[in-house]
Amino acid sequence: MAVTGLVLVIFLLFHMFGNLKILISVEDFNHYAGFLRTILNPILPGDTFLWMFRCVLLLCVVLHIWSAARVTKQDYKGKGGRGRYSIKKSLSPDNTYAARTMIWSGIIIVLFVIMHLLQFTIAPAAFGNPHDGPDGRAGMVFTAFGNWIFIVIYVIAMAAICLHVSHGFWSAFATLGANVSGLTRKVLRACSLLVGAVIFFGFLVPPFLIFFGVIN
Amino acid sequence: MKINLRIWRQHNGKEQGRLVQYSLDGVSGDMSFLEMLDLLNEQLTEKGEDPVAFDSDCREGICGQCGVVINGVPHGGQGVAQPVRTTTCQLHMRSFADGSTITIEPWKAAAFPVLRDLIVDRSALDRVIEAGGYISVNTGAAPDAHAVQINKKRSDRAFDAATCIGCGACVAACPNGSAMLFTSAKITHLAMLPQGQPERVLRVKRMVGEQDALGFGGCTNIGECAAVCPKGIPLESISQLNRDLIASLFKHDGKDD
Amino acid sequence: MSTSAKETNAELAAQYWQAGEDIHDAKANVALPIDKIWPDRQFTSRLVNPANRRKMTVIIVGTGLAGGAAAATLGEAGYRVENFCYQDSPRRAHSIAAQGGINAAKNYKYDGDSVYRLFYDTVKGGDYRARETNVYRLAAVSANIIDQCVAQGVPFAREYGGLLDNRSFGGVQVQRTFYARGQTGQQLLIGAYQALERQVNAGTVHMHTRHEMVELIVADGRARGIVTRDMVTGKIEEWFADVVVLATGGYGNVFFLSTNAMGCNATATWRAHRKGAFFGNPCFTQIHPTCIPVHGENQSKLTLMSESLRNDGRIWVPKKAEDCEKDPRQIPEQDRDYYLERIYPSFGNLVPRDIASRQAKYRCDEGLGVGPKVKEVDSDGTEHMRSRGVYLDFSEAIQRLGKDAVEKKYGNLFDMYQRITDENPYEVPMRIYPAVHYTMGGLWVDYDLQSTIPGLFVCGEANFSDHGANRLGASALMQGLADGYFVLPNTITDYLADSPKFPKVDTKHPAAILARQDVESRVNKLLSIGGERTVDSIHKELGHIMWEYCGMERNEAGLVKAIGLIRNLRKEFWTNVKVTGVNEELNQTLERAGRLADFLELGELMCIDALHRRESCGGHFRAESQTEEGEALRHDDTYQYVAAWEWTGEGHKPVLHKEPLIYKSIQVKQRSYK
């Protein structure tokens, strides 16, 4: 779970970095989108690499969800099912809202990712923004974020991801054995919050700028 | 002073439990929490009612037999800024205000079935140790105690982990009912010492495997365990366990034969 | 001793006990030099073939240092071990609470220590009332204990160089005490517990937690099993074996308030005593001077603080009774009585445990005690509110060494004190008072640790032990582990070698049927009395009687009176106790009632033993036997023996058997601390 989670965080950071290219110019963004499909050409033909990359990601997602399901089940059983104490007080700084709601933020993320893939990869046409329009792939993005409904959906989804990562990132390191002292714990926690915040803002900057017409 | 109590009463493991209200007069601040329960029990017995069953033995905070959840905190140590490290027997009534209401519940976790009232069965913790929490040396087979020098820092770290009293508060506090802090304390204790090395790889696999098989939850790094631990076993111990567990995956001597 | 005293004793004897034949240990070959006796016994002790061991069952009751170590060791050897404890886990045994350390004649500090010196100190410390062959063996195996524990992973204190650290403890002149912060007992017990769990995993030891031994089965003249009560379900069950080992600890809880754990009890040893095991020196109890005083009537136990506090703390009480209620800081120097420094100028606050304890009692008896007042009933029956505490003052040490240095040395003890009393010992002097701590007496055993019932072995604090009339600091852990790891596993084989010839015993054996019936009728009796008084209220009353008349100072009139009071109280118990609930459930009141019933019989025997021993020795101080300076006075001519008491039935006088103590390897001296 920790390993797949970290792989997914790294993917997110790259994804976010690529998205930000839209701030430079539409051409840059389209060039980058095109590049993704031709990586390792001509050693590998066409978008082979992209598909390999997608397979790895999918594997990570599947493993992550599978282990999440296992842990959730084990933990639910471990605490003895529903209705445990009549009062329960938390004393740990790590017992955050994010930590308690990992499974729910996770489910929101899964639902969002399905929508997101349908919207931009699998069936963009169904969302009214085909990727072969005049502005290429960037056009897709502009069409989508002109609509306030998608803005709301994306804010919710990014909040979920931010929460998920803010506990998940440090927790992954702890599970991999990196929590070696009180100080490291503080550093890891801070990094975790930072990564969560970076992802939240990094992903939301382009949609908002598009919505308010700062870039077009 | 006068105290209102809400206490978990459950006749045995099969019946349902519920919270029952009592009111107790004549409590003094110098009494320990368990002496307060003794007083309640004397009064209940005089009235011909069944006294509240609870575990305790040494009453000086070292045997680990006592332990109840007090106002939502295992062992009830809750300071303003930081948790106060205490066992239930070392908590004194002066920590409570006159007229306050105290809710007392047993440890609750799948691996700790309730036997009666506030008493639970913690033998699962013994099973975890049984799976490998020891160094295999037969009596009489030991070399001279000075045969091996041990780095003081490592020896001290072993000691810090070895102070675990096996009370089970970590399991009671964990939202997942996990025993990771308990298991990791033993792993860390033995992993820090040269004597513990030959069995180190196999030990961690067996103990973690046994812990899962016994129905304890998994660790999600919430940290409630370390916050209530009366002996201050640090959360780092769990990372030590994880490191050893990951390392064991890549070592041949980690295979059970 | 004067003739008149002898006559008084003869008169008393006629009333309270009968004289029996002397007994002797027949296992040690005392013709050999003392250091050759144990190797000789190890050689002459018959062995059991490894293939036969798994066919033999050993019952061990108790999982402390002695019981846990014995169970692990016999399990490793291949015997089938059935191990019982009343706690929910073997790791909870009260050995865990020992703080100070464990002695061993390693001489790692190269300061002149040796096996002989440890032996010498222990016999002398026990005021020459211990059997020298046993004590020498204890000293001889002490070094092996440390090796064994280190190999198990016990994290003893170390120096920066990585070698083990030692300290001096309990007033001895060598540094031979190994320690693990203030938790030595815990670490040693966890070591034994882990060794035990390893054997549970290997299938050689079967662990039965929350099982209380309530009867011994003696069939055809041999201990062949026990009856237990499952403390969760109430199930009464018989267990059979080739040999039974009791390692059930001491009986300090007869005093109700002691530093023992709540569950510590004498039922196992007392049941064995009733079945024929002699009880050795029951009146030898150790009272520890530096405990936190009683705060009120609802107190359930007392907490000990390390004796090391007396190294820097000064003990005093106000000179005037009217000052006792004052803030001690307001009492000027000239109105304070540093009584130990006054009476014992050369040893001052470091006098032995019993002297420090007794002097504190005298001050409080005189009405100079400090702290909260506690209700007491005097010997004339009047009730008093009296303060039981004396000051242990660190203000001078703080001035001399600085607060930091004091904190470094005693910080954890000060914290403990503050947590319990809510007073800051850096600001206000601590209050201390003596408390019952350890019982040197116990079931009589021979050199093989076998009691007078063949096949019943007793180890650890439960036997009458190697400590004589007084135990030295850091010696209890040593004895428990010595018995469990190194002595019993070597001697028990000699008995087990015969076990293939033992007749079969099962639940149909008349002895088993009888034992079971006894248990059931006792339980039913307790549940059917339906009286008015709670178990604890009677136990507290017994405690008061024992503490008043059989505590730090004993005298003839008091002991005679105590025996009468205990007999009445026992009658009260069996007619007026209230035990709620039924047997077939987890019933803590029933558990306590059963234990108290045995304490009520043991308490009487302790008083009789104290009454018969008209001398002062070690922890036993008879007011009639003191020097002109008020010091303990032994009578080696009359009392240099172990008193081994034989049970003769309820309401019958016990029989006194004497085991004369012969010292060939050590010269007997009278101690002096002036």
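As written, the chain order gives the labels A, B and C, with residue 1 at the start of each chain.
Criterion: a contact is a pair of C-beta atoms (placed from the backbone, for glycine too) under 8 Å apart; a residue touches a chain by one contact, two chains touch by 3 or more.
All figures in this text were calculated on a predicted structure; none of them were measured in a lab.
Q: Which of line, ring, star, complete and other names the graph you get from chains that touch?
A: Topology of the interface graph: linear, an open chain of contacts.
Q: Farthest chain from chain A, comparing Cα centres?
A: With centres defined by C-alpha atoms, farthest from chain A sits C.
Q: Taking each chain's centre as the mean position of its Cα atoms, how many Å separate chain B from chain C?
A: The mean C-alpha positions of chain B and chain C differ by 28 Å.
Q: For chain A and chain C, let me know how many angstrom lie between their CA-based centres, rounded off.
A: Roughly 65 Å separates the two chain centres.
Q: Suppose each chain is reduced to the average of its Cα coordinates; what separation in Å results between chain A and chain B?
A: 38
Q: Along chain C, where are the residues that touch chain B in the complex?
A: Its residues touching chain B are 69, 72-73, 76, 87-94, 96-97, 106, 108, 144, 146-153, 155-156, 158-164, 180-181, 183, 185-187, 190, 193-195, 197-198, 200-201, 207, 209, 232, 259, 261-263, 295-296, 298-301, 303, 372, 419-422, 485-486, 489, 534, 536-537, 578, 580-581, 585-586, 588-589.
Q: Chain B touches which residues of chain A in the complex?
A: Spelled out, the residues of chain A in touch with chain B are 71, 74-81, 84-95, 99-100, 102, 167, 170-171, 174-182, 185.
Q: In the complex of these two chains, what residues of chain B are touching chain C?
A: 11-12, 28-32, 34-35, 38-39, 42, 45-46, 48-51, 53, 55-60, 62-65, 86, 90, 92, 94, 115-116, 119, 121-123, 125-126, 129-146, 149-152, 155-156, 158-159, 162-163, 165-166, 189-190, 193, 195-196
Q: Taking the complex as given, what residues does chain B use to touch chain A?
A: Chain B reaches chain A through residues 6, 19, 69, 71-73, 78, 83, 103, 105, 108-111, 173-178, 212, 215-224, 226-228, 234-236, 238-240, 242-243, 246.
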